[in-house]
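Before anything else, here is the set of structures, which you'll find just below.
Heads up, the next two complexes both have chain A, just with different partners, chain B and then chain C.
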Partner chain A sequence: MLAYTVRRILVSIPVLIASTFIVFLVVVNSGDPVANFATSRQPAPSKAAVAAFARHIHADQPAVERYWNWITGVLHGDFGPSVQSNLDIGHDLFTRFRVTVTLVAAAMLIALVLAVIFGVFSAIRQYSAADYSITFVGFLFLAMPVFWFAVLLKQAGIWLNEQTGSTFLGTIGEKSPYLEVDTWWNEFTDHMGHLILPTITLALVSFASWTRYTRAAMLEVLGSDYVRLARAKGIRRGRVMTRHALRTALIPLTTVTALDIASILGGAVVTETIFQWHGMGEMLVTAATTIDVYRLMAWLLLSAVVVIAFNLIADLLYAVLDPRIRYD
Partner chain B sequence: MTDTEAAGAAGIEVPRADQEFSVKQRTQTQLILRRFVRHRAAMISLVVFLLIVLWAFIGPHLWHYSYGKFTPDNSQAPSWKHPFGTNASGYDAYAQVMRGTQTSLKIAILIALGSTLVGAVWGAIAGFYRGIVDAIMMRIADLVLTLPLLAIALVISSRSGGSWYWIAVVIAGLTWAYVSRVVRSTVLSLREKEFVEAARALGASDARIIFRHLLPNALGPIIVNATILVATGILTETALSFLSFGVQPPDTSLGLLVAQAQTAVDTRPWLFYIPGAFIIAIALTINFIGDGLRDAFDPRQQRVRQ
Partner chain C sequence: MRAHSSALTKGFTLAAGLTLVLAACSSSGGGSGTHKSSSAGLSSCGTQGKANTCNSAATKSGGTFTYTLEKNIQQWNVQDTNGNTFENGEALGVVLPQVFVPQPDFSIALNTDLVTSATQTSTGPQTLVYKINPKASWNDGTAITADDFIYYWRTNNGKDCPPPPASDSTQTKGCLPQSTAGYDRIKSVTGSDGGKTVTVVMAKPYSDWKQLFGAGYPLYPAHVAEQLSGAKAGDAAHMTGAQMTKGWQYFQKTPPSKYTTAGPYKMQDWTDNDHATFVPDPKWWGAHKPSLQRLIFKVITDATQEPIALRNNEVQGIYPQPEVDLVKQIKDIPNVTYTIGSGLNWEHFDLNLHNPVLGQYKALRQAMFTALSIKDIMAKTVGQFDSNVKQLGSHNYVPGQAGYQDLVASTGQGSGDLAKAKKYLTDAKFTGVGTSLKTPDGKAVGPFNCRYTTGNQIRQSECQILQSDLANLGIKITIKPIGAADLGTVLAGHQYDIIVFAWVASPFPSSNAQQNWVTGGGGNYGGYSNKKVDALVSQAVGETDAAKAATLLNQADSLMVQDAYVLPLYQKPTFLAVQTRFVNMRDNATNVGPPYNTAEWGLKK
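The block that comes next holds the complex of A and B.
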């Protein structure tokens, strides 16, 4: 298993290089931050200042050379210069990643637990009223645009705050700006209050698609011979469901959840924008609008590493869940 | 003259066709159509979806307000004159939602068509030739899959000025790889079938086998995928437009309309709920249509007979 893991990591390196190189070329050719610098300031900067700026962000070098310098720099922990002065990209990246992880972790856990419960229930009671309702709700959330739902939740939060006269449900940012931190309890409730609405938003979207997967996988397993055999041997229904059926049904779900979580860790862009969280998603949007090449590359690198890592975890979990699979 | 008619003419009593056991010949297409028509949710969805399409494309020609024209009324609640109300600057929301639906649908359909066309041909060629051609083509597809859709779309659209076909081209340029994977796996199993061998024995060229035999037989998964791509396409485009990286004013899309109305949920709720409801209706009906098509193309997944 260790040899397999090492091999997988080695194989992913060329893919990572090719992918970052393509994105680098696209970003470098998609706009001119130097021209933005020269035209967007009042009073207009001098020619020398513009030239110094171009040198500072390496815009005066050819693209291939820039890419090479960037990738060797990253290996030394240097993520390159930002178009914003006094912004340490490496520090920015990890602060934001922590913010996004706190946002995503709870949401994904809730979504996963609910998806398994409702998916299994839906499959066991196939074509019952409950199954139809769960399926319909699933379809509805799959069709609902996240931004629309998030704005609605935000409004509901504001309304609830007004009705109860409290400020518990935070709708802006990850914590209150002028919080008097007298006790850790106050700080904790403040964080929780800000987490609730974005967590619900993220959880419901993932929940909808994962329930569909669980249901489909469970239905396939329930119709198989070994489940019938287990029942025929006289094993209790509950035990057959959990130990025989669910364990196998979880296998396709691991791939889907791993990929979904990985991509959402790259930034829940819409959710972060609406609730004004300073996470990975906001970083991507700012970097793209300001054509901040190195900032965007830092974002890309971290999210690509997360995708690769989660893919690997999913494949390793396969071996744990399915005794037929062995990696050596 | 058929046998029955001949017998009837001869004065011999024959049972009528509906009284005897008769086997009616049906083509594959007829079978699929029959299965689809019997899928109630899918049929209702298809009707609703087609009505929305007709409304969005024909409606603007019949409606007396244009989406880009000010009306003297601002911030009006829905009325006979303005069925969806007006916004703060006096635009007629009915005309704007019609235009937004049209733009969003155009983008979503172009995404589905473009990525399906490229992906299907790409996957079919890779699956048909296998070996080194397959390896190279599928590695390229894998590479495209690793590119972050949102990042590329954000970067390119901030430059392209938000014309609708550019948004569609960018999104389709990153989603065709999914289609190519699906089609390749289908073609890999199809190419071993006897009818391909027969075609080859008759001297058919590679191109003829790919386009006349393999692709038509892989049509099931291709069409199902294309349907789902319309739904994901409309959600991606509206999200991009919501973040102001998609369609730009004065043109409008359903995502942009929701974005413009997000501060007015309390004061002018009609501006927020109606475009949102249209996105949901379109994505929901398409998902149901896709579900019905999947059942129709794949009889193994059919529901129990009722």
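The block that comes next holds the complex of A and C.
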């Protein structure tokens, strides 16, 4: 398995280079940040300032040369200059990644646990009232736009705060700017209070789709010959479900969750915007709207690495879940 | 520009609006409900003569007030072209001193905490004398002296600390001031009376001299720059370009929590992309001692989330660009007072005179502007939440400023007078008027594109009304949105026939006019050129008498109106909402924003 892992990592390097090069060319040709700089300020910057800005963001160099300088710079930890003066892209990237991971981690864990529980339960009790209820709730959350659901949750949170006369549930940011009494406990509860609403938002949306996958996979497995054989041999139902059926049913869910988590780590754009968490999603939107080439490339690079890593993790998990798979 | 897509914004707005409907239903259904506040505190701000004094009350000590910034502050040197942002000006105004401060009524007030007087003592050569308040000092105990003024002048004049050379891609070997206007006309800045009197002698006269050393661009501590660059203390006059660059760079990268300041508050900490915390500065010598225990500027980059944060008491004051849904949401929050004001931002249609047809025929441009009904535009856009909005009649001033004159209305431009518009065309021998317009030499007029920033519903409506009105002249208009990041490309590349966007007027209009209307000016994207206008604006910039300068600018404006290059539509509304338990906040639509008087903010007694 180690050799397989190393081989996969080596194969991903040309994939990264090719994808970043193509995107770099697209981004560089998608707009003119120098023109934006020259026209978006009042008073308009001097010609010297515009020329200095163009040099600063390397807009005066050919695209291929810029790409080469960028990719070699990245190897030395230099992610290039931003259109935003003073912005250290590397620092910004990892700060924002930490913010997004904080936001996403709990939500994904909750969504995964709930999806497995309710998906399995729904499959076992197919066409029961419980199955219909879970299916209804699943489709409800799937159909509900995230921005709508998030705003509803915020309003509900405010209502709860008003009823309890507190501001426990925060709607903006990771934490309050200040605490009247600054203790670790207050800091912890403040952070939790800000985490609850966005976590519910993200968790329920992922939960909805993952439950459907789990239910479908479980139903397929439950109808397979080896499960019926196991039951015919007299193995207890619980043991068949957990040791034989669930383990196999988790394989497709592993693929889906790995890809979903990887993409959400690239930025939960809507949730981050509504709850004002300054994470990867905000970075992507800001970089795209300001044609911040190197910032966009940094985002892409990290996102691509995360996607490749999670795909690899998913492949390795197959071997754990399915004894027939061996990576030799 | 906000960092999210227009689709997202629309979605959030819609969701917020619908949610409010649900919330309203649920509260009334529950019987208890919430009670809409009377907007007493700020409601008088729209009354003539009240802009500077409305919402006034005595304060008691204590309390934390959190005010919203709509963008992160990445660069802390507001004098630098990259750091010249509204949010930076708002935050630095709390802790750094400036000579004149723009007021809510667009007048300019002397900051007597910094200088006891600032007078023009001679017009030949123009000489300015500033008497620094004897008590004025940085909070490390260093007195504020002429040295701070000299450092300011030398870093901003474009000569003593020149821009980075072409070989410097890092932008770290020189100063890039946001504007050298005025500073490049100064011959000398000298100190006397132990540095407490500053005498400025101009090489060339400058009408907007009150803009110097302030007006949103405060002084930085020269002694900090001298110390870190190795220059002799108190000798800014002899700092080298490299030494000044070091100071310039330091103030770019360093939030004012890290160096000595001189304001009613000091910045206690800055958390990047999140908030700044200010606490009263015990060294503050000024007339108003802050009564708040703490002042926080919180970064919220999505305006649609601001009313929710206000309702949840996470912030106590917001200053977003108003929209129908946003205003409705605020109206429903209890104990919040708000005001819709008329700002310095003004919406306008620009014609691209690089287009050969638009550039050649003045009569065509006059007809187009006359056929357009600004009344219709206002009724279908900002008039829906601001009943006081009026057609703007000047390219240089807004109502309330001393020099304002309506020079547009009398020409019929923006009136929607179709008969008059057609007469312009028939008199100039155009054919196909009202059907398919052709120039006197038989060439088709149009189709022209009307461009607006995508996702901006108001501007889309403005283009649609233009399209409808000009169809009556036989001119076809196609509406073409501009990508969120492409406005600059479109303007600089002249990739439009007609475009709608906003300019920011200034309490100092001469410099603005030079930028926007003079041949080859940095903001003259449409290629307008009129030698008489150039001469009049140039005269205005050099006129030391403010009244005469205004007369000259208005003369230039009359010519511009006749040339029908830019049609002013209306002043964009501004919107300030604060909790009623806090007082002395006012809408200040200039570049200093509502925090122009943070020392007075506080809990109502």
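Methods note: the second predicted complex is superposed on the first by the 326 of 328 C-alpha atoms of A that agree within 3 Å, B and C clash if a C-alpha of one lies under 4 Å from a C-alpha of the other, contacts with A are read in each partner's own complex, and residues count from 1 in each chain.
Throughout what follows, a contact is a pair of C-beta atoms (placed from the backbone, for glycine too) under 8 Å apart; a residue touches a chain by one contact, two chains touch by 3 or more.
For clarity, every value in this text was computed on a predicted model and none was experimentally measured.
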Touched partner set for A:L87, first chain B, second chain C, both or neither: second
Partner chain in contact with A:V101 - chain B first, chain C second, else both or neither: neither
More chain A residues in contact - chain B or chain C: C
First, second, both or neither for A:I117, with chain B first and chain C second: neither
Partner chain(s) touched by A:A288 [first = chain B, second = chain C, both, neither]: both
Which superposed partner A:V151 touches (first chain B, second chain C, both, neither): both
Contacts of A:V11 with chain B and chain C, given as first, second, both or neither: neither
Partner chain in contact with A:I172 - chain B first, chain C second, else both or neither: second
Touching partner for A:M1 - first (chain B), second (chain C), both, neither: neither
Touching partner for A:A51 - first (chain B), second (chain C), both, neither: second
Overlap of chain C and chain B interfaces on chain A (superposed complexes): 31, 145, 147-148, 151-152, 155, 269-270, 273-274, 285, 288-289, 291
Touch list for chain C against partner chain A, complex: 1, 3-5, 8, 11-12, 15-16, 18-19, 22-23, 64, 66, 72, 74-75, 80-84, 158, 163-164, 166, 168-171, 174, 176, 178-181, 252-253, 271-275, 277, 294, 296, 298-302, 305, 308-309, 311-315, 483-489, 491-493, 503-504, 511-512, 515, 521-523, 525
Footprint of chain C on chain A - complex, ascending: 31-33, 35-46, 48-49, 51-53, 55-56, 58, 81, 84-87, 95, 145, 147-148, 150-152, 154-155, 157-159, 161, 167, 169-174, 176-178, 269-270, 273-274, 276, 278, 282, 285-286, 288-291
Contact footprint of chain B on chain A as seen in their complex: 15, 18-19, 22-23, 26-27, 30-31, 127, 139-140, 142-148, 151-152, 155, 266-267, 269-270, 273-274, 284-285, 288-289, 291, 296, 299-300, 303-304, 307
In the complex with chain A, residue positions of chain B that touch it: 142-143, 146-148, 150-152, 154-156, 158-159, 231, 235, 238-239, 242-243, 245, 255, 258-259, 262, 265-266, 272, 276, 279-284, 287-288, 303-304
